[in-house]
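Okay, so chain A shows up in both of these, paired with chain B first and chain C after.
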Partner chain A sequence: MTDIVRNTQAASTATTASTATTAANTVAAIVPSPFSVVLRWMSRRWQHFILAPLVLLWLSPMIWIVLTSLKTKVEVFDPDAGILPAVLNFANYPATLAVAPFGMYLVNSILVTGSILIAQLVTITLAAYAFARLEFPLKRFLFTLFLLQVMFPIYAIFLTNFVTLRELGLINTLPAMIVPFVASGYGTFMLRQAFRQVPSELSDAARLDGCGHLAILWHVYLPLVQPTLVAFGIISVVTHWNDYMWPLLVTNSDSVRTLPIGLGLLAKSDSGADWTRLMAGTTLVVSPLLLVFVIFQRRFIDSFMHTGVK
Partner chain B sequence: MSHRFATVWRKEVFLAYALLLPSLIFLAAFTYWPILRSFWFSLHDVALGDPRIFWLGAENYLRLLDDGLFWKVLGNTAFYTLTTIPLSIIVALLLAVAMDSKLRGMAIYRSAFFYPVMIPSVAAGMVWVFLYAPGYGPINEALNFLGLPRLDWLYDSKWALPAIILMSIWKYSGYFMLILLAALKLVPSDLYEAARLDGVGPVSRLLHITVPLISPTLYFVIVIGLLHSYQIFDYVYVMTQGGPADSTNVLTFYIYQNGFQYQDIGYASTIANTLLIFVLGLIGLVALTLGRRVHYMGER
Partner chain C sequence: MNPSKFNLSRRKFLAASAAIPVIGLAPGLIRSARASGPVKLQFMYPVGVSGDINRIVSGMVADFNAQHPGIEVEAIYAGSYDNTEQKVITSLGIDEPPSLWLPINSALQTFLGLDALEDITDLAKADDIYDDFLPGFLNTCISDDRLYGLPFQPSTPVLYYNKDAFKAAGITKAPDTWDELLVAAQALTLREGGDLKRWGLTVGGGWHDWIFECYCRQNELVPWQKDKVLFDRPEAIEALEFWKKMVDAGVMPAASTWQGSANDFLAGHTAMLYHSTGSLTNLRTSASFDVGVAFMPKNKTYGAAQGGGPLMIAKNQSDEKKEASWTFARWMTNTENQAKWSRATGYLAVRKSAWESAEMQSYLVEVPAAKVALDQAAYAGAFLQVPGYHRVREHLKSALDRTLAGEVDAASALVEANNNSNREIERLMRRQKG
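Now for the complex of A and B:
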């Protein structure tokens, strides 16, 4: 109702904001029929009528996860039980934590995702600087090799990578989940574009002051491309935090498993019957990243909005 | 003088290669070496965990041509890719157009459509197994409520792949919407205004103004869609294991089955090579057909 008032006020300059009459009176004073006001408001805000139900639809799986995690086993299969849990039942959470070492999975996830991120930031910074600012033979060919990596899906080469890691004796270790992702063609490309936008006067000035390439890279370039580094970092973390297939193939004991693998195992051991416990586990696995996303929403959205790919 | 220049240049070349070295080592070891090796494997009989290797020549490829299941799997993969990408992009475009205005609650809408990207594929797959459950799943309850027949979804060979496609649209269209939204912001609003004054309806405004102007971004989104479509492995693994009756078996899963379940690395590599060719072919096709017709606005 206050919305209608505000909109009609904005539309008509005749009404001043100081009109201290009731909402109904204000509306009646400007437009004779309240019905047409509603219609006009609806036509100007038509998007809400389409988007709001869709948003509900999009959110429903997440709502369903949380609601189910608070139900009892009986309720899940009872057709007359309704959507909401009768009593909020938090017992599923400790039960989930008791059957699987989620703490250890969490530590492994942090170690793997963190190591990949740090290693990638080092390799892409060095390579991107070479491609952006140095001249050397085979430059175009090497750059193509980097770009093509983006197109080759890990899903097409995982088999041979598995064989290689096995020969190196790295199967069922944390490094096995890290090494295939250390070089990033996409990150190198993103950062090269950012480096090229740094005005060359800046690096020329630094060089006159006696700085070498590495000093220029560290003191001039890196501070200026921070937004790109953050954007790449967010995408990298989301990708590898959620990765399922590769950690699934190269791990076979709890001491190295990551959160998604732990969740998949929980599903297998429950053979799909214990949905309440499974959904409690899902809530636990999903929430760290979703929480960070909600807090740093704008950063996340901007990263994905203006960049893309893995 | 020229001698000094040559020394400086040589120093720069040396530095460049030194900077590239860390990336190149890992690129070589985990991207290019596996591709070459996979081709080598495909010409041999190789078993997982067995160092012995036997020359077969083209036999694996001939076997592939004769493998009825392979063709079915290839068809499933093509069907999944060619329906999921266009459908998600259409949904994403409509969402983006509806949101391309100063709308109250914009931040909430954006996040609500985008959050599925943040959810691990294994968690998403599991929840949708639950949502699709024939007996007690909420989707069937909703269909029932609307007076529609209940479906067996993941247990029905006709509906299992469409069910995974629906889930994929939920998972990815919010991502595509974000990228399209950024592009829509760059379309000058006076173009719409002029068209509106000329009596052009909303549908033709969308088709004749919006779509051509954001075509570079649409093209970009199609490529991203392709790259993300491989993730179907995770969904198939979690939701159906390729079943029922191989109706959801796709190339990536078939590689896994042959390599890890049947331990036949040679044959699995042969399938992996066809996946590579399939992917490169699709990207080439997109580049040739759409890439040429893309309308570039200004410099970009």
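Now for the complex of A and C:
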């Protein structure tokens, strides 16, 4: 994430610098001294020399994935072949799509990840508000329980969760992948800390104006902790978008499965991975997330700078 | 299949211990299937070889369903072998196992310990199973003379070699003994200045314990019995000392990874490679040079441990379902389907008659390397069928790695792995009895 922050900084520096260069060019046209122009350019843009390699470093896995997805199988390992594919071989993409119904998986992934996010935002907001601003018996004890939940590895409770879901009759349905994650101890903790930083004078003032708890929450607290909500949202979406083991365990039919299971078909241990198709599949799986990130880039970065999460 | 996932076995123990009390209650809970409508079976399978195997399996299942109106099989892709095992054990834990599944053969004792497997000895004896299946493959499903599964997709390690590199080094034939292997590896190792350009030999890491068992078998030692391991025997120690010798001679890397070693071979960074027959199709079609396939070199004898898995039938289900499951398992392993499956995947066909079929004969003409794996299968036996084999494999791999890295000598590493493994096995068996 740090690199992205730097990228934006680089971008903004670039804009200011380019106006400056235009000015410098005008000056140079009057007083032709190429050396001083270069020197000035360097002094204004020295950050680029540090940032450009960092950008490349951050982008290189992405570039490599895309390039590999366009190669032929022999080319991937041929030491004589260059980094760039000799011919752009788009055939890997249809070949990947033929392995599994990726379109259906994509819809399921969006439904599951989206439902989890919405449900979590509701539950953690209410829970965090209660823990931050209300007094009730056993508050500390209950909060400790919430924190304990964060410490349990998900694998330790697979079987109990599975039994519960079966009793609810949810095995092999989309809700089976959603229900166990509708509450989040981590999110509650994060949001409670954010709520506690909101000055209580603000909520007192709202109460004097006749607001109830829900109105205070909606009009006072939530607008102020937006960055935390966004930060939590990213973490939640990335986690559940990429989750493999739980969806594999609770689903049987193609019609309810998610993207990582489709990817799993291509990463085979007996024979070595099918790299070209695996990379084509990876490109397909990460691109929706990348797209969302690019669209909301500025807001995401703001929120991370705000909450100090890196 | 992912050797680094230690938590898998922890989860499995949790699931297994939860399953034991439940299974005791099982017979009373079996619901009789409705008389009307087809018998519905669930079949969980892993995909261990890249390609469109899940398409092939679901195609086979669709064919079966079309030919058998009374039975409806649902094919459920369940990830890797480890994932599949976990999914099955979880369903056993809630007393609703799938009718059939396809685990790795090493899991036999694990499932027997859970009392999960239907004994199919009598059904098989009434059929042609004992006559037509290759005995080496059938043996991987036998415990105490009873049969608990039908082999479906066996594989063994073989020695792959780079024919171009052999030609350049003036070697005319693949090594046949350990000594020849060392000599060939020395000739094939390329160094320019102090820099290594090519290893002579690489043992596919991650599953090197599997290949190590082959070495033990080449020394006339089966390094396990159904309730203990025998890693501390002199034959095993000698095998590991030979590996160490190759590492010390600078012809073999001390460590590698399963996929990385295949990639190195394809990139020409190693001239010889121990890897699964399951990789044959991938290596053959991805390499920019001619790929040779040979027997694993012998010491006292040829020997191989078998990977891959059998079809197993659940004990905890109605008789009607058991019968339908048998029909399905029998159909999946019939001559015609085995020939098709072997040809499409690179796994070895399990029936003699399948190898004799016209389809396989033409395949052997096209890919003579497949014959090597079949011939070697005559020397193959089951791989590490002990309870808790996941943990045992980790102990053994740690001993191999530490020895090759020069931290301990072969004998003390293997003795330690042996004792740790046997303690683990005893603990598990006590728990299953109690």
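General remarks:
In this section, the second predicted complex is superposed on the first by the 201 of 310 C-alpha atoms of A that agree within 3 Å, B and C clash if a C-alpha of one lies under 4 Å from a C-alpha of the other, contacts with A are read in each partner's own complex, and residues count from 1 in each chain.
FYI, a residue touches a chain if its C-beta (ideal position, glycine included) is under 8 Å from a C-beta of that chain, and two chains touch if they have at least 3 such contacts.
Bear in mind the structure is a predicted one, so any value in this text is a computation, not a measurement.
Look at A:Val38: by the touch rule set out above, it reaches neither chain B nor chain C. Of the two partner chains, chain B and chain C are each touched by A:Leu249. Comparing chain C and chain B on the residues of chain A they touch gives the larger count to B. Of the two partner chains, neither chain B nor chain C is touched by A:Leu147. Residue contacts after overlaying the shared chain place A:Phe77 against chain B and chain C alike. In the superposition on chain A, A:Gln47 makes contact with chain B only, not with chain C.
With both structures placed on the common chain, the touch criterion links A:Tyr155 to chain B and to chain C. Of the two partner chains placed around the shared chain by superposition, chain C is the only one that A:Ala100 touches, whereas chain B remains out of contact. Once the two complexes are overlaid on the shared chain, A:Arg166 sits against chain B and chain C alike. In the superposed pair of complexes, A:Ala91 makes contact with neither chain B nor chain C.
Applying the stated touch rule to the two superposed structures, the overlap between the chain B and chain C interfaces on chain A comprises residues 76-77, 79, 153, 155-156, 158-159, 162-163, 166, 244-245, 248-249, 261, 264, 267, 272. Taken in their complex, chain B has these residues touching chain A: 9, 12-13, 15-17, 19-20, 22-27, 29-35, 37-38, 41, 48-49, 95, 98-99, 101, 103, 105, 107-124, 126-131, 135-136, 138, 141, 170, 174-175, 178-179, 181-182, 220-221, 224, 227, 230, 233-234, 237-238, 252, 255, 259-260, 265, 268-269, 272-273, 275-276, 279-280, 283.
Touching chain A in their complex are the following residues of chain C: 1-2, 7, 10-11, 14-15, 18, 42, 47-52, 54-55, 74, 76-80, 83, 86-87, 90, 93-94, 96, 155, 206, 258-259, 262-263, 266-268, 276, 278-279, 281-283, 285-288, 307, 346.
Within the complex, the chain A residues that touch chain B are 45, 47-48, 50-51, 54-55, 58-62, 64-65, 68, 76-77, 79, 83, 122-124, 126-127, 129-130, 134-137, 139, 142, 145-146, 149-164, 166, 179-180, 182-185, 188, 213, 238, 241-242, 244-245, 248-249, 259-261, 263-264, 267, 272, 275, 278-279, 282, 285-286, 289-290, 293-294, 297-298, 300-301, 304-306, 308-310.
Touching chain C in their complex are the following residues of chain A: 73-74, 76-80, 98-100, 153, 155-156, 158-159, 162-163, 166, 244-245, 248-249, 252-253, 261, 264-274, 277.
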